[in-house]
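Here the chain labels run A, B, C and D in written order, and each chain numbers its own residues starting at 1.
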Amino acid sequence: MIRIGVVGYGYWGPNLARNFHRNTNFDLKKVVDIDPKRLELAQANLSGMPVSTDIRDLLCSDEIDAIAIATPIETHFDLAMDALRHDKHVLVEKPMSHSVRTCELLIAEAQRRNLTLMVDHTFVYTEAVRWMSDYFRSDQFGDLFYVDSVRTNLGLFQRDADVIWDLAPHDIAVLQTLAASPVAGVSATGACHAGSRQPDIAYLSLDLADGVMAHFHVNWLSPVKVRRMTVAGSKRMMVFDDMEMSEKLKIYDTGVSIAHGDEQGEYRMKVDYRVGDMMSPALPQKEALQTMVEHFGQCIQKNEIPQTGAEAGLAVVRVLEAAHCSMKLGGERIKL
Amino acid sequence: MIRIGVVGYGYWGPNLARNFHRNTNFDLKKVVDIDPKRLELAQANLSGMPVSTDIRDLLCSDEIDAIAIATPIETHFDLAMDALRHDKHVLVEKPMSHSVRTCELLIAEAQRRNLTLMVDHTFVYTEAVRWMSDYFRSDQFGDLFYVDSVRTNLGLFQRDADVIWDLAPHDIAVLQTLAASPVAGVSATGACHAGSRQPDIAYLSLDLADGVMAHFHVNWLSPVKVRRMTVAGSKRMMVFDDMEMSEKLKIYDTGVSIAHGDEQGEYRMKVDYRVGDMMSPALPQKEALQTMVEHFGQCIQKNEIPQTGAEAGLAVVRVLEAAHCSMKLGGERIKL
Amino acid sequence: MIRIGVVGYGYWGPNLARNFHRNTNFDLKKVVDIDPKRLELAQANLSGMPVSTDIRDLLCSDEIDAIAIATPIETHFDLAMDALRHDKHVLVEKPMSHSVRTCELLIAEAQRRNLTLMVDHTFVYTEAVRWMSDYFRSDQFGDLFYVDSVRTNLGLFQRDADVIWDLAPHDIAVLQTLAASPVAGVSATGACHAGSRQPDIAYLSLDLADGVMAHFHVNWLSPVKVRRMTVAGSKRMMVFDDMEMSEKLKIYDTGVSIAHGDEQGEYRMKVDYRVGDMMSPALPQKEALQTMVEHFGQCIQKNEIPQTGAEAGLAVVRVLEAAHCSMKLGGERIKL
Amino acid sequence: MIRIGVVGYGYWGPNLARNFHRNTNFDLKKVVDIDPKRLELAQANLSGMPVSTDIRDLLCSDEIDAIAIATPIETHFDLAMDALRHDKHVLVEKPMSHSVRTCELLIAEAQRRNLTLMVDHTFVYTEAVRWMSDYFRSDQFGDLFYVDSVRTNLGLFQRDADVIWDLAPHDIAVLQTLAASPVAGVSATGACHAGSRQPDIAYLSLDLADGVMAHFHVNWLSPVKVRRMTVAGSKRMMVFDDMEMSEKLKIYDTGVSIAHGDEQGEYRMKVDYRVGDMMSPALPQKEALQTMVEHFGQCIQKNEIPQTGAEAGLAVVRVLEAAHCSMKLGGERIKL
């Protein structure tokens, strides 16, 4: 059993703690938060779980093998580095850290000590993304044409992160899970509204080294909640709509071939709606976080590199940092 | 009665001809197309309407007051200029022409001869856009936050235009109808797939002079047909979903106010879904093209400037040309 | 070529006439209506088609082989009988007639003269119903469990028919196309509202001879337009939603097997949402009416019994009449 | 503080216990179940809550004021009667009991001892139903035309109840909350499939004393989960779709008036889709069970009759029993 402590019991921490508590490979030893009220809640939720406001109770304890960090982004580096230096395996909430440089330092430290360092890109562990990932690698999908994602809803997020750092990590992590080719360039535009000092709407354009294009629309100021990702290939197109109760994933025949024009040429051939069959696979109803926690346990025990390990986490931050810079520069393309 | 001829009986021409035929202010005299088969169809549809393969039958006739042009984009300039020089009023299919320079020449010619020159931006005349436009100008909407539009479907369009020139004019024209401020800059990215030589997917980012952002996603290679435009303001947000059978237009309370943080601050306040009432106005079921044709007739008879007149048409082409250039330059922002 | 005349140019007649006009097996000779204004419209739509207000121009003409009747229900019997007695093949709008007895007389007359007598149950000829019908007969569907249909919308229908005679023929005809077993009993309840003297909402329960149940909800007083038919079998379930733009037809794995309880037994096993894959077949975009007209032509030429021939039309009316009686008797089950 | 015990920790009990645990008017003292495994779960969920397999620990305790019963239906009477006879207030899961007679005995016992006896018709306490109820009583709704409800999903429920006793109580309870007039008659049809001995699909037709009709479709064997209730009035129509993430409740202008025919009369006036505005009110996100628990507490403390008190619970069972009988008699109408 891996003895673990959770740091941060705010928005996401309770979900992490609940899943570590349930998982038979882990022994959740303690929950740490600087806010005593959150710790009261932890105790109520987790049947008298030991709690503390002092992270040193985890760092300095011989009874702790791993630490899960679910605190604001700007604290990730300090807390994760402290944990690694005390020889703890680390799971850190996404995004890994607030900058490429700090991610690199964390990677070096984890490698030096041969510790597992994993980023909680939960979205990658959803059943829909896992299904897409398998299908993507089958010969039924064809070549990747493009990835398009829309994540919008109405909500004010008063936090350390803007809308890009909050929502885009999901899409970047999935893109990297699917695409063979690395991101070559990033451009982003965005805007602040309603008196906010942080962008609450942004558009990211990514181009991969092999020429494939990806585009992400992230938005906290939309009247309609949308969570829709399209992964289009030469043979099939996958649409993952997380707001659908059932039928979250739909696979369409691409069904397009180029007609090279006759002499006339100027009359358009209108092929509205889809032209091939569609299928929607049944997905297991397993919670993504449960899959992620299992994977973290296995990687520690077998000393394997996690699917969303430190290098993957760094690659996501590299894109986020570039998008942030691009937005400041009025949308200029930043090479990676 | 305005005596009119229609040039081009391909994809859109039949709709134009049918509406001129029905409108009591117009007398549709003749349909011209270079393809005799299309003219046969015109005769069948319009009860023996006179037809011709030679446009000079319209240009040189004293019995023609106006000419409607529904031919491929690259012919708009030649045909419209010929028509103006023969002292005909002109309605030209959108976009007005293939370049800013040719639009300017057409405007000069029309002004010199005091002729009506109008662009058929049909979308502006839909009941939904008219309702949005009125509401936008009321004090219920507040300040414009942003405009976002998605136009996707699966279809191969073998034509003279890429996906930007085909689909984006709708959104640009609506934006100009709504926003007081002109477009200051444009950047665009896009890609070609499936062996096509023309972009079949593109993303346009526009910034207006007053800092408002607009973004359009146009796509011929999507498995799902989407026609959704969001116009967000400080008090209300309007969503026009043209794929809805009923309830095409929904008006949401914006319902957001900035919470300036307490000491804690780092925990996000999650306000999912919408927080205010929504209403969906009943819209008249009038065909947009019928409204457009009526407006063209009134502008000729009263010598008034059309809502989508030559200057408006030029403004649309200015954005299209800039988007085209930006795409070639890898997404660089083009100032207008 | 079959020389045909159309009687009745009101709501449905124009669609019939247009399709006969286009079909190369038919020569549409004349349109008859008692209202001269409707005939003007027919001439405008059909390029100077000959018209008449006197049906004898069709009945007594040697140049007419067949007559299509699209008039109010209570006139079907008189007009169809006249046409048969003048040795014309007959297509009559659904439902076949207002009573079982009159249908039987028409059948006898048509058989005596060896004429084709067909009922225009257009819905049976839609691509979705044809697909369902083929699939139903394959071994993938399993045994029929039940049929459920909902047809609702908001509309005032000022006519000779109540909501049952107007909307239920679609469902009854499809049921008979699918199910091997005849209808054994019918019960119906309904109500009148808003000052109407005719029921505007009704529920029909049908039981087939083999015990299968069908239920139809027809409603003119609903705020939402629904056209959804579920055909459930032991292996698959088919849902035909005609209000979907694409994906009109969805095929679900039934995915149910009975778990016989353990000792505990009293806790329910909740299996929410669906548990198997779903697929949505691509359907050709052919107009149902075109298929129907082709079929009518073939049946005349080959002297074959139509899929929706006189016996099928009678079977529908038998159910309608029983539903009407049941409703009058407060929902009592009427045996057939 | 009302000291309460919960009996039954199967499907619904955990929700009840959680809400009593949280509510400051209640002191949850103990959870009872005959299955030790369920009690282990209760202890885990509720931080070491005292548990027991013997209900006498509640009945005979002076430290218990009220008992909440969430056990299978056929045990409701015995358990509730025991609780009342030990002078405990009682909340019993819906439906109140398995027969009218046993409900009447419970009512008599509760009245004799002046105890609160309430039925947990949770659905009545949802924010949507509360909104509908208020609106219904306002002068904006008009006269009630009809109520139609569809509750379908795919699921095997291995239990003491068939689909009517499981799903229809929701609709019957809401109907009684809204309609002034009592149910006068009930008819029901249903069927068993897939080897089940219990009906898994049923249709209930209710007629109220004032002539209004209600119809409920309940179904465990549908590929699509539907939870949609329509309450139609002469001025407005309310549609409550519980599967919608947001916009669960939509209010439509009825927008119908009867056109009394002109001479012609036989041509239908087709008014498709809706003709008036629609609005969707924002609803608080409060859990219905929380509202129900608060109400139970207030009724005990103020000795008031609950909204879903014993008489209301009996009225629901009266309809269920009648529906059960009608189904056995082939759909015959049962007078109440």
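Here, a contact is a pair of C-beta atoms (placed from the backbone, for glycine too) under 8 Å apart; a residue touches a chain by one contact, two chains touch by 3 or more.
What you are looking at is a predicted structure, and each value in this text was computed from that prediction instead of being measured.
Peer 1: Looking at A-C and C-D, which one has the bigger number of contacting C-beta pairs?
Peer 2: Output for the comparison: C-D.
Peer 1: Comparing residue numbers, which of A-B, A-C or A-D shares more than half of the contact pairs of B-D?
Peer 2: It is A-C that repeats the B-D interface.
Peer 1: Using Cα averages as centroids, what's the distance between subunit C and subunit D in whole Å?
Peer 2: So the centre of subunit C lies 38 Å away from the centre of subunit D.
Peer 1: Report the inter-centroid distance (CA atoms only) between subunit B and subunit C in whole Å.
Peer 2: For subunit B versus subunit C, the centre distance works out to 41 Å.
Peer 1: List the centre-to-centre spacing of subunit A and subunit C in whole Å, with centres computed as mean CA coordinates.
Peer 2: Once rounded, the distance between the two centres reads 52 Å.
Peer 1: So which bits of subunit B are touching at least two other chains?
Peer 2: If we look for residues of subunit B contacting two or more partner chains, we find 224-225, 245-246, 255, 273-275, 278.
Peer 1: In the complex formed with subunit B, which residues of subunit A make contact?
Peer 2: It is residues 10-11, 35, 71-72, 145-146, 148, 150, 153-160, 185, 187, 189-191, 193-196, 201, 203, 205, 207, 211-213, 215, 217, 219, 221-225, 230, 232, 234, 237, 239, 250, 252, 254-261, 264-275, 278, 330-333 of subunit A that touch subunit B.
Peer 1: Please output the residues of subunit C touching subunit B within their complex, sorted ascending.
Peer 2: So the residues of subunit C touching subunit B come out as 44, 47-48, 224-225, 243, 245-246.
Peer 1: Which stretch or stretches of subunit C touch subunit A in the complex?
Peer 2: By the definition above, subunit C touches subunit A via 245-247, 253, 255, 273-282.
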